[in-house]
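You will see subunit A twice below: alongside subunit B first, and alongside subunit C after that.
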Partner chain A sequence: MPEQSNDYRVVVFGAGGVGKSSLVLRFVKGTFRDTYIPTVEDTYRQVISCDKSVCTLQITDTTGSHQFPAMQRLSISKGHAFILVYSITSKQSLEELKPIYQQVLAIKGNVEAIPIMLVGNKSDETQREVETKDGEAQANQWKCAFMETSAKTNHNVTELFQELLNLDKKRNMSLNIDGKRSGKQSRAERLKGKCSVM
Partner chain B sequence: HHYESFLTGACKVKDNWLLTSISVRLERVETSRLTLLSLQLHLNIVCSVLYRHVMNELLETERAYVDELLCVLEGYAAEMDNPTMAHLIPSTLLSKKDILFGNMSEIYQFHKRTFLKDLEAYTDCPELVGRCFLERMKDLQIYEAYCQNKPRSESLWRQCSDCAFFQECQKKLEHKLGLDSYLLKPVQRITKYQLLLKELLKYSKGCDGCDDLQEALSSILGILKAVNDSMHLIAITGYEGNLSELGRLLMQGSFSVWTEHKKGHAKVKDLARFKPMQRHLFLHEKALLFCKRREENGEGYEKAPSYSFKHSLSMSAVGITENAKGDNKKFEIWCNSREEVFIVQAPTAEIKTAWVNEIRKVLTQQLQACRGTIKHRLSFLLLSFLLHISVTAYNHMFQKQVSRRAQTLFLRVPPATTPPSPSGWCQFHTTHT
Partner chain C sequence: KLASKINSLGGSHSGRPPVIFNPDFFVEKLRHENPEVFLELVLSNITRLIDLPGTEFSQLLGEESPKTPTGGNGGFFRSFNFLKRKDKGVVFGTPLTESCIAQIYQLIEYLSKNLHVEGLFRVPGNSIRQQGLRELLNSGADVDLESGDFHPNDVATLLKTFLGELPEPLLTHRHFHAHLKIADITLFDEHGNKTATPNKERQIEALQLLFLLLPQANRSLLKLLLDLLYHTAKQQDKNKMSTFNLALMFAPHVLWPRHMTASDLKDNLKKLNNSMAFLIKHSQKLFRGLCQTAFHWNKGSADQGKMQMT
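Entry: the complex of A and B
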């Protein structure tokens, strides 16, 4: 298992163009750029609360190593939690997550103890190729959580990261530094129908 | 150009008052054409602006990368030799600098002295930046060594990541992220170039450097594939020889393999027919290795597969049958005139084609190298032969005898001492069904 430290590392996977960088940028900086998104940082960092103290959430972008499993492996072994992103406008992008999931499974062993979130991004788009129920079915099969997001309209972005932290039962983590899981109840209400945690 | 000539043409027509009505109609067309033209122009501008953005990102991230590597080398690697820090270094870490940092300093020197300068030289003609990559492809192979070492480095890091030495270094550097994030940078950097090249390509359709960019992209993808493949090599166990003597690793992958031995017992042969073995194959320039994949029992990090060595075929002694009957995912590799046949089934037809192409390339290169040496030998022989004639052919009556001598000379060509041995190309044949 990864060492217990002050860092909580989240690794984001997904094919090119599904909006990984947009999601992370939206979450970390609160911005969205329609035209050109520079992938400047390799690792983004955000202070969160964990077990009543402060720790850093590290988000590692893996964009370039897609298709190169042995190199991807180096990122997987570093991660505590995983976000697998596809675009709802591309069936192919969901397909491409399958080998990545298999690899996470192979390296981490028991996935049920590892927080994994399957994310269908670009939920604002109308040219849908992957229905919500297809995403849910896939998540069901993988025994992981599922959510649809839009980095563009900021739909479910913060929720995605908070839910991911909630999935980790070994620690008590929150995006709010004061340590309270504020609004968890109402968020859960809001997420009904959009998010299913299995 | 089309638009321009059309416009000048349209202007001429307008000057002629006799053709006013046509001109009016043309003007309408012209307006829509003009809209198109301005749209086209607009698109070109947007593309070049975006291209500049990507070029900027390439340059800025390259500078940042060089700085970060320097930070690590000075703030961590050099500190390991600092006597005032010595008491903080745990025994597990002592004299293991090379394992922890791999060839990072070589990578740093290359980027600092060469690649960054090369890239900067293209600031004024960014459309040609693809060439910069093409010129440095060989140098970028240094990443193979870095990535190969990375798992060892990681396991060392896990043993001592909490030690006071690293904490002290990180504090001095005022780094928010730990050393492990920086040790991953080279892996992230080498995989990032292809993304940037793809972006550049998107905005350079039909431009000057377009072909170079395309070529640079496929070359860098080739490098990544080689790095990825080479990382599997370190997991091979039980191979007695030296892997580095087998030439470059060209392909690796998992297959179902059946074997046939002509001399073997019929029973064994039949059994082998039905039950394939799962084998991980490593194709090198000089040999093909058959390994058995073993999942380690470790937890988490340690759960890396290993490949225990089973069998090796010298590429100078094999032949290939590209299409095995009835299955487009199968091919055959054999040696000793098909006395020993390996039927190999790839997971997909595409993978099979890629392998067959690569094996064919190796065998063809051997054939050419062989022809080369033979040609060389022949020209040498011919020279001595001509000398021989000039000395001996004073009498036309002895002509027959001379040519007979020449024949025996040819027959006495010694076997090639340099690899590849002739048996390889002699057996090289392909069947297409």
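Entry: the complex of A and C
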């Protein structure tokens, strides 16, 4: 596998239409498109700071609409950290994360050292099917972190990625690379309070 | 243009016994009575439209096992998948047969009445219910899909799963390179230089011919599937599934060589998605009036003698 050392690979999973691409695009490009286009698979790269040096944050935006077990296993085995996205407007989309979580568990063995964030996206929507506490309960059960986001209104998006990086205890990573790390980190510390990290 | 060909065909037979004006009839007749001539005729017409070098040509004939463009780690996944396959039923995960299609047709028929559902073929539905439905279909049962036990998203996803678990993509490995070539058929400008504009008419013609070489079961299911997707796209104001969105959902099952991932396909990915969209968009022309061209071409050629003898 090339560039094994210097890449930090984040994989985004979730059912079709929950907003995986919207979250990633909001984070990477700062934009939001209200279009309805499925993803095949896209990878985005961004330089971040890591242990007083820099590394590449590689975000893989997967498809939510195909069942290619081999492809999924490959993404999981290559990934360092995982974002599991559902839509708060669909109980079913949370259900569909269960087999993916099980798959991560099966491949990684012990998930406690693996940064995983359960994300309830579309928090701006009013037709809610999944209460915040239900998302939290699921995260508790999975011993992972939890956040609600809105790619549309840019709620908690940067925080999501920074928090995910903070969950990795083996590396000291920050989205900022221009030396202003302290400010950013204290902000992340503050957010940690809201985050149910088990 | 095609009509004039039919007319000229009729004209040339004017002094003979009445001609049946259904070109498909002759195609089918020839296919059954003289498969070798049929194959030769179809191939000679395909190679008139696309350039197939030796290996790709013998691949189309199944004489050489297909080489996928990047090779890669297919072998590994093939063996891995084989080990992972749990439930070998009568419908799922077996080579395509007419009886599989009969079972799967229940899904297609149900979906054709539920085309309005938002994100149809995109939103995955419930995997537990899908497992149940899958077992029912495998057991050979007639399933009452109208009972309300299943959501259209379950049914749509299971249809994709079925295609994905076929040992080959629906359009077969053999035809993979031919499809890449068909995607490259473009118009020429007045100086005879290749342009970037696709020559749709010739692409349709080439696809009509290529589909004649598909195994009958593949051809039947392809037609059913493309019809379904064509009508799904017609309701995109409700279901948000445009032809292109549907193409993204189905290209992996219908066109991609098995065990290749999006990143293996690299530059071909976009081409294959566009090809799939083309198939959906022109589905109503691809199986109809097939090969008037081939028939026309045959007229006056050395093959004519053989045709008349049949």
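The definition used in the following text is that the second predicted complex is superposed on the first by the 168 of 198 C-alpha atoms of A that agree within 3 Å, B and C clash if a C-alpha of one lies under 4 Å from a C-alpha of the other, contacts with A are read in each partner's own complex, and residues count from 1 in each chain.
One rule holds in what follows: contacts are C-beta pairs under 8 Å (C-beta built on N, C-alpha and C of every residue); 3 or more make two chains touch, one makes a residue touch a chain.
Owing to the predicted nature of the structure, the values given are computational and were not obtained by experimental measurement.
Participant: Figure out whether A:Q103 sits in contact with subunit B (first) or subunit C (second), or with both, or with neither.
Facilitator: Neither partner.
Participant: Which partner chains sit in contact with A:T132 here, subunit B, subunit C, both or neither? Use first/second/both/neither.
Facilitator: So A:T132 meets neither subunit B nor subunit C here.
Participant: Considering only touches as defined above, state whether A:E95 meets subunit B (first), subunit C (second), both or neither.
Facilitator: After superposition on chain A, A:E95 lies in contact with subunit C alone.
Participant: Is A:K78 touching anything from subunit B or subunit C once the two structures are fitted on A? First, second, both or neither.
Facilitator: Touch partner of A:K78: subunit B, not subunit C.
Participant: Applying the document's definition of touch, where does A:A15 land relative to subunit B and subunit C: first, second, both, or neither?
Facilitator: After superposing on A, A:A15 lies in contact with subunit C but is clear of subunit B.
Participant: Go through the superposed model and pick first if A:G64 touches only subunit B, second if only subunit C, both, or neither.
Facilitator: both
Participant: Could you let me know whether more residues of subunit A are touched by subunit B or by subunit C?
Facilitator: B
Participant: Quick check for you: in the superposed arrangement, does A:N140 touch first (subunit B), second (subunit C), both or neither?
Facilitator: Neither partner.
Participant: Mind sorting out which residues of subunit A both subunit B and subunit C touch, each in its own complex?
Facilitator: Shared contact residues on subunit A: 16, 36, 38-40, 63-65, 67-71, 74.
Participant: Mind pulling up the subunit B residues that touch subunit A in the complex?
Facilitator: Within the complex, subunit B touches subunit A at residues 50, 53-54, 57, 60-61, 64, 147, 150-151, 154, 158, 161-162, 176-178, 180-181, 184-185, 187-195, 198, 224-225, 227-229, 231-232, 295, 299-301, 303-305.
Participant: Considering only the defined contacts, which subunit A positions touch subunit C in the complex?
Facilitator: 15-17, 36-41, 63-71, 74, 92, 95-96, 99
Participant: If we count contacts the way the header does, which residues on subunit C are in touch with subunit A in the complex?
Facilitator: Against subunit A, subunit C makes touches at 77, 80-81, 84, 119, 121-127, 157, 160-161, 164, 240, 244-245, 248-249, 252, 259, 261-263, 269, 273.
Participant: Can you list the residues on subunit A that touch subunit B in the complex?
Facilitator: 1-3, 5, 7, 16, 35-36, 38-40, 42-43, 45, 56, 58, 60-61, 63-65, 67-71, 73-75, 77-78, 106-109
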